């Protein structure tokens, strides 16, 4: 069970080698298979997540949520996806069509790229990059451009305002996000995510870095554009913000990407603060799934409880609270590490 | 060199998630900052006042109930009292008490809707659902008594249409017992939330001077520190028999408007409790002529405290069974006019908060 | 401390997450309606005394009442009653004013329909109650009688009332003609099973009570000996026993107009069933002809242009039409029925006119 | 040159980078130019990855593609003319074409000569391990800490200055 996926990959590569393919082509095929699997899993996962979010919001509001299609309504999202796929794809006449069409694709590509470095289990990581954490942050910053493209090309005031808000918000929150992770990096002594997981074999970093976790969590919510920081959509003010003019599957792609990001950010939180794939009894990939889902539940819980924060409060929260707090956290961590070293740990 | 920027227009409505109906707010923006706000009304204009001229006095009651559909009994009550004043009808004691009970229940329903819609306008969806859940109990009671949930047209000239049914009393008693728990929940989920406080405190400040100058009434006025409530200032019906407080807040901002309404829910519950205790047995409908023809030239202006403010009816009789002229002083309309003043200089998101806390009902303001 | 309120809010939502859901699963789980709930407005045909108070009380002109008077009687009776629910405010004013509780609100609240006509509830005078002299004339004559016209006599009403009485309280009504209680029970079950019997019995009771008693006794005897009632026909679309429907009469259970007509048509009178339809078709024709006539007079060039190629001819023809009503009528009729023939005839007329009056196409005679 | 995996990847990335760079220059729409610039930055970053310098590549993405280009787009949007289809400067005349081409050639020759004639110091030691973030950190915060901090202060000053400029005079 533990090595289920690794064994599958190994069997596949052995089989390909037996067929007479060179190592280069075998690796290429394997890479294609891995990415296809990841994309499939992401899509299926988003379908489950949308259902879960609707169910959770229903339960929170003492409703039932979707319950008509399939047991507990679990096929509802599939039906919705089919509906979105068959819907008319409207492109307003005054849009910048090239950018309008590429924006959702760019968004989803960037979101999927995030998964490359997350260890999904013991020895299960697509690219075990030495600077994995840094990769996550820098590639994650590209989502800004996708929203900006969508907002600008729609040629709609709501969209542009949403995009502007989103950009301001994401650029501001990248700083506390990166700073909050520095404490973890300092303790683990590496930017490699597998190494960070390995460093938590004794104690989870949530215990050592609670402040960093809270800052990360808040900054990540903002990065994800999720409530209470859902500025770019903000349906009460901006109707649908940057996505106002999008319909059908293009619109759905944005949501696919947002949920993909949600999973990635939650998986990162699990990896950095909750010991990643480590855990007793169950196979390692199971553990990361459980931890990621629990963190996502908290994200959903927050979204359905809190009102939306105001734009300027959002900015001042970032610059006046989160940045100083995360800087102090780095300082305290550094001093702490020196003290522990001095004590001979 | 300083950055010069050019103002631009953002149209909120008439089709927009948070305009509470067909309202068009044209916001002149400088970035995220509001320079000016212009309100365009009339999207739900039904010419109610003109309709009144072709309906008999009795026939207009269901239309009156449709003015402020969030608290349907209050506008209907105001109208029937105006007609009663015009033609000198008397209302039996029991009917007076029933009117108070049903009217105050409607007021609670309206304020619950206010709290819920404020919550959802600030994107706290769950707050709305909890408020609607509790409001549903009031709707059930309206259905029990009058047969309709939303637009009950329960008031009649000289009384009410039905007596309170047996099952009403346990329902209303259990509701009144639960009111403090409900308020606790709203306070925990909505009022106590720091994000909401940040978005409401100091936002949309309505000074008492502006409020008076613009004729703002109701909870919006009381939130600006002026203790003016028609139930106390010019008691109509039997309001002089009840002991209740008039909640007043000093700051005049969105938070004050929210707090005043939350307290009013409590006070309305108090009034209902007293009314139920004092309620006598007896007739529910006074003696009303089959065809009501007030003498020609008689006119009356009658004002009541509706959930939104001073709701006044001006009626002019021409000797027939239909009024020659009916004018409604709709509090929503007048309260809404301060929106530009309290929104100027704030952020785009504050317009939404301001609209929500001014609590307009478009059925009433457009008529 | 900052964050306390946030945590409290989270606590409240978490608490409710594990509470029982308050959703009502509507189509399966029916809502609990209060006794006074006002759903659809309904009308109890036999009870109505055609006083018209409801019409006066209604604020929005929802109700329509057409009445007639029997010969030699000053009492008005209902010929047609309609409730156009799409305009109804559900204000209860008509129900409160009704002196005989004819109007009442049901608990039926699913009132949506695919077209405007479906929202309207219509109550016609049942065609089977039209007197025998009229019904015997057959469909051809029936076509010309508008449904619910004013020539019907009071037997219709009597019979309708009798039928209702028979269904509602068979023991009392039948007790007058059948002595034994047992017989009454058999007869009432027969009636409920077969509409024909019911109609016949009601008719006999109205016309000749002695004969009714005789016939009823015979039926009961037959029913007792042979089990199934004589002449029992398979139930038609609306053939469920009416009393079993739990409603007092057929009018209430049949909201769409066509249905109610068919239902009231009864078993033995197929001709009448179709009569109103034929009537409608005729109506349509008349309306078409009327419209065409107007068009011909108002805009002759356009209408005539379709059958007459030359502009000159059109001018002549329109002159002819204006001069002679007969020509106009003939032409319209032809246009409605057969356009080719109309073209031919028109051309012939124009040619004749040209011959008679060369050079100019003015009016002739 | 033997076609192997490395050179193939290099060729693909280079073609992508050059194509998007041409897009920056040739596009008539300035926003398209700016977006193509992002693609160019990404291409350069991919080249870094190809060379095994992931850290540098990621810095390229984070700083240039993620932040600088967004600022460029912002600046463009704020000052843009209403007609976005033809916002780039008009096509120059034939003379300017000629002069521009000549200048470009001169620059290329100059740079080429500079590269060719420079005496590059012989490799002092083994190249550092790829992605040696630790080595980089030691250099930046050890040997060159003064320069590093000076640059930091400079950037801080620039940021503060920008804020003051953007905020404007309180009492104009």
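As written, the chain order gives the labels A, B, C and D, with residue 1 at the start of each chain.
FYI, a contact is a pair of C-beta atoms (placed from the backbone, for glycine too) under 8 Å apart; a residue touches a chain by one contact, two chains touch by 3 or more.
Quick caveat: nothing in here was measured; it's all calculated off a predicted structure.
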Chain with Cα centroid nearest the overall Cα mean is chain B
Of A-C and A-D, the pair with more C-beta contacts is A-D
CA centroids of chain A and chain C: separation to the nearest Å works out as 64
Note: chain D sits from chain B at a C-alpha centroid distance in Å of 61
Chain-centre distance (mean CA atoms) for chain A and chain D, in whole Å, is 28
Cα centroid separation, chain C vs chain D, in Å, comes to 82
Going by residue number, chain C touches two or more other chains at 6, 9, 12-13, 16, 22
For chain B, residue numbers touching 2 or more other chains are 126, 130, 133, 189-190, 193, 195
Within their complex, chain C touches chain B through residues 2-6, 8-9, 11-13, 16, 22, 33-38, 57-59, 89-93, 96, 105
Counting only contacts in the complex, chain C reaches chain A at residues 6, 9-10, 12-14, 16-23, 25
Within their complex, chain B touches chain C through residues 55, 58-63, 65, 126, 130, 133, 140, 143-148, 151, 153, 161-162, 165, 167, 185, 188-190, 192-195, 197
Per the touch rule, the chain A residues reaching chain B in their complex are 57, 60-63, 157-158, 161, 165, 227-228, 230, 234-237, 239, 304-313
Chain A residues touching chain C in their complex are 56, 58-64, 67, 301-302, 304-306
